[in-house]
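Only one structure is covered here, and it is reproduced in the block below.
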Amino acid sequence: MVVRIRLSRFGNRHQTFYNIVVSQARYGSPCVHGLRLWLDWSSEACLPEGRQPSMKRNWADPKLVEVYRSARDSKPLEVIGTFNPYPQRPTNLSDEEARNARPYKDISLDKSRAKYWLGVGAQPSDTVWRILSLVRSEMG
Amino acid sequence: MRNRATTPLRQVKIRQSWSKYNLYNLTRLRNPVVGNRTFFQQKWTAKSMARKYHGEQVRESQWERMFSRRLRTVVPMSPWKLAEDDGSGMAAGRGAGLELPSKDSNYTRETPYTTMTFAPLERRLDVAIFRALFASSARQARQFVVHGAVTVNGKKMRYPGYLLNPGDMFQVDPERVMFATGAPKDKFDRREARIERKKAEEKKEAEGEEGTAEESKESEPEAEPKENESEKLDTRKTLQGLLSQAKNLISKDKNVLPAKRKQELRGFQKAVRRVMSRSGASQSVLTDNLEDQFSELMTLLKAKKAETKGEKAPKESKESKKTDSDSPAASESKDTKDAEATDAAASENKPTEALTEAFRKAAENPEEEVDTSELTEEEFEVLKRALVQMRDNPIDSSKPYATPWRPRDYMSAFAFIPRYLEVNQNICAAVYLRHPVARPGYSEVPTPFSETVSTGAYHWYLRRR
Amino acid sequence: MPRRIHSQIVPNSLLPCRSSSSPASSSGIAFSSPSCGLLHNLSYSRPFASPLPANSQTSRPFSSTQTAQTRLRQDMFAWLSSEGAEFKNHVPGSTNYISDVKARAKYPDMVLRGPSRPFPLNPNFVSESVLSEELRNEIYERVVVKKQSVRAVSVEMGVDMRRVAAVCRLVEMEKRWRQQGKPLALPYARAVHEMIPTTPLYEKPSDQRNNPHESINDLPVHRLTDAQIFYPVSESRHFTRVDASRVFSAAPATTREQDAKQAADPSEIVNNINRHSSSIETVGKGDEEQPILQSADVRIPHPYLIAHERRRMANPQEHRENRKAYEERLKEVEAAEEEHKRYARERRERRLTRVQPEDSRFEFRIKDVVVSKETTGPDGRGARAPGRRYGVPSSDRKKGQVKIPTKVEV
């Protein structure tokens, strides 16, 4: 099944803070042969321990069964970094520098782990894709 | 937090405030009686006394969480002493040191540990503002913070309970500081301000109705009579008048009532304006902009100064040791350009002597007594100082404090700045350098209580930990 | 306040005390009968009695309430108009605290010397002097204009290093304000400097050094030294400060070679430790590992002054050489400090990647972190790993937690 690299939200209201996590895709349609569904799920090794997938039939297309594997903020496979979407004002600057300084956003990332997960086929979400593309040159 | 801190007279409660009630209570404060009281009672009394002063605006539970049994202390070291020996003398003999303890004050004095009990409260922003003499009470400081007049490191800080970190710079709006520390307005001042406000409103309305043309007409006739008037006046005489007025302003006579003082200041201001209008200063100077006025007058003065210097240069040789009565005559002989000028010079010199006499008494500047030729220089100095004072401390009825500004009554009995703050009064900013510490013989936490009280309080709070 | 209002009639036995406390009030009424005395008592019913109680006589003569505080208030106003009048205005150039005024009343023509105490009951708190305007400007001049180091200026002027830095910051700001034409609180500043003691700027640098503003070599009392330790030492052993500090941090005693090295050149060892803080020995294992306590020679803010004093003691005649050696040492220390700062900055920068995309208003600062078994810990909740942790309760709204800002970045 698909492993994704995505953000999971932390912090309080108006103080958003994200962990960059590696986890199972939130939902998908594993139903190719409806009868074999249970087999597929039970053989799923990638789920965090002790967690059962939940199932919901998509009534628009009865053949399709959406499987919720992990909630957005549930325990992921791994946390590989953080992202603070609130721009910070740079500090400790002289007047001249302060005028030209750009506000910055803080990111922390374990590049080697990110590279590993991409290598084994993890799919970054759009936002994470943008974050990763910032460090593309260094990650090679 | 209770919404007020009372200073009753019956029970002596010392507050962080500059009020006269507090001052009176401070003189009446006595150490609590300890004989025939249980230890618990002693601690209770000590703690309740101390808490009425230290952070009465802070809830007890909040303070209990802030309390720390660790008391910060330092020992001032002398490099000379450290170089002298390596400390082996202290361990020599049977371990108590070979010599008797030295008579040095640092070693014989004890460190007042327990007076540091309330040191964590000194970190609070409101208390620090009060300690930096920016507010007349901790409550007022708190209000300044809540009302948004305080910045920490350049950012507005609205929490009075913010705990300052070493290196934090806090700043209070200078207007608020002047209001907090200045004498309040009396009813005449307030009335004046009301009238002024009304006038301004009327003027505004008139402007709105009749436009700008009327305004220009209004201003012109005002300026003209001034000029006519001033043409009659002699330059020297006006200058002389200015000087005497300046002298009055500078002299720090405490008996002079503020109202009278203000009258003088106003007269001086008027005179200055008259002089400038006479000298053909530009229209812009006639406005109330004191900055312009000041610089204009300064340039005028400089010109005058150069003139008089030229006059005085030959004079120096002759009359260096002459008495007061001789000097006009001497100047007469020198200034033979025209009759008018000599007359003026004579009249100028007379107030000069009077001025120096007054000055000598007031300031006791040694320079004057030595050289009489420098008199006019000094005179100009006086005039300049008066002008500076007028510029820096103007009459302005729109301010919320009595103008010209003077410190509020009884402020001096409470004025001290502890060492853990570095304060710049000009911009009303201060830096919290470090946490307060105790050193042998001294403690940096300002507390009106003796060590018995602070020890009791310390043990009270220690009990629960 | 239970005794605020008394409606019962005051017995006559109280009268003498009252009348004695307020001599001015007896002017209007003759004391012939007890009823007159009662009237006299009632006359103080006005809550805000004026300093001259005679005026209050006619305000509300028939009021039947009697306030318990009146006598106290009267005493207070009497005090304010007599002894307390001294406090009303300040005396320029001298302090005006309660103890000062008392001393002045006792010895009128004695010039007060030494620090003055604002609180009569607390001898441990003294009103210490502040930097005068000239001294402040001089410090700023030296540090900012002449580019002297904070350390050197601190030693020369006898001002703590942190204070030197703060003064520079404040004066810089004042200059900017003046430039911008912002209103300053000049009369206030003048009044405050007249009220409190100030440290002047001396003409001669030697005067400045001999009359320092404050102690610049303050040694903070370390927590390890709070405990009293009984440590038996043989009499023949040369037990120094360094040994004592090792005992306090429970480190093994030094070997004889180390002792010899220490005795041979004590300043060099101190120098080394100050330069490379990682070279300090440690005690304990694992999480308990901590550097051993250093002696006062290392921990004071200006340790190189000790070496200077040693040299001066050894060669008291060679003033010039001593001075030169001192300056060299100072320069060395400054260079080492600069190097240390530069190294720390570079290390920080190395871990940080700054990206400024063309199409974005923002800069992105990407910090390198490590996710591994060591950082996350066996349960995956280690604090050193990046990100907010899972399964750890957030108590940020609990009672007792600090919910207001704890720091403000410059």
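Should a chain be cited, it is by its letter among A, B and C, assigned in written order, with residues numbered from 1 in that chain.
The rule is short, and it goes like this: a residue touches a chain if its C-beta (ideal position, glycine included) is under 8 Å from a C-beta of that chain, and two chains touch if they have at least 3 such contacts.
Bear in mind that the values here come from a model prediction, so they are computed numbers and not experimental data.
Engineer: My parser should flag the chain pair with the most contacts; which pair should that be?
Structural biologist: B-C
Engineer: Report the chain ID whose CA centroid sits closest to the centroid of the full protein CA set.
Structural biologist: C
Engineer: Centre to centre, by mean C-alpha position, how many angstrom separate subunit A and subunit B?
Structural biologist: Here subunit A and subunit B have centroids separated by 61 Å.
Engineer: What is the distance, in whole Å, between the centres of subunit B and subunit C, each centre taken as the mean of its C-alpha atoms?
Structural biologist: The separation of the two C-alpha centroids amounts to 21 Å.
Engineer: With centres defined as the mean C-alpha position, give me the subunit A-subunit C separation in Å.
Structural biologist: About 50 Å, centre to centre.
Engineer: Out of subunit B, which residues touch more than one other chain, so two or more?
Structural biologist: Counting only residues that touch two or more other chains, subunit B contributes none.
Engineer: Would you mind listing the residues of subunit C that make contact with two or more other chains?
Structural biologist: 409-410
Engineer: Residues of subunit B touching subunit C in their complex?
Structural biologist: 8-10, 20-21, 23-24, 26-27, 29-31, 65, 70, 72-80, 82-84, 86-88, 91-93, 95, 112, 115, 133, 152-155, 157, 159, 161-163, 165-169, 174-175, 177-178, 181-182, 252, 254, 291, 392-393, 404-407, 409-419, 422-431, 433-434, 437-439, 441-451
Engineer: Give every residue of subunit C touching subunit A within the complex, in rising order.
Structural biologist: 353-357, 361-371, 376, 385-388, 390-391, 396, 409-410
Engineer: Which residues of subunit A touch subunit C in the complex?
Structural biologist: 10-12, 17, 19-21, 75, 78-82, 87, 91-92, 102-111, 113, 134-135, 138
Engineer: Enumerate the contact residues on subunit C facing subunit B in the complex.
Structural biologist: Residues of subunit C touching subunit B: 1, 68-69, 72-73, 75-76, 79-80, 84, 87-92, 95-98, 101, 118-128, 130-131, 136, 160, 162-163, 166-167, 169-171, 173-174, 177, 181, 183-189, 191-193, 195-196, 214-215, 217-221, 223, 233, 235, 238-244, 266, 295-297, 300, 302, 305-310, 313, 400, 404-410.
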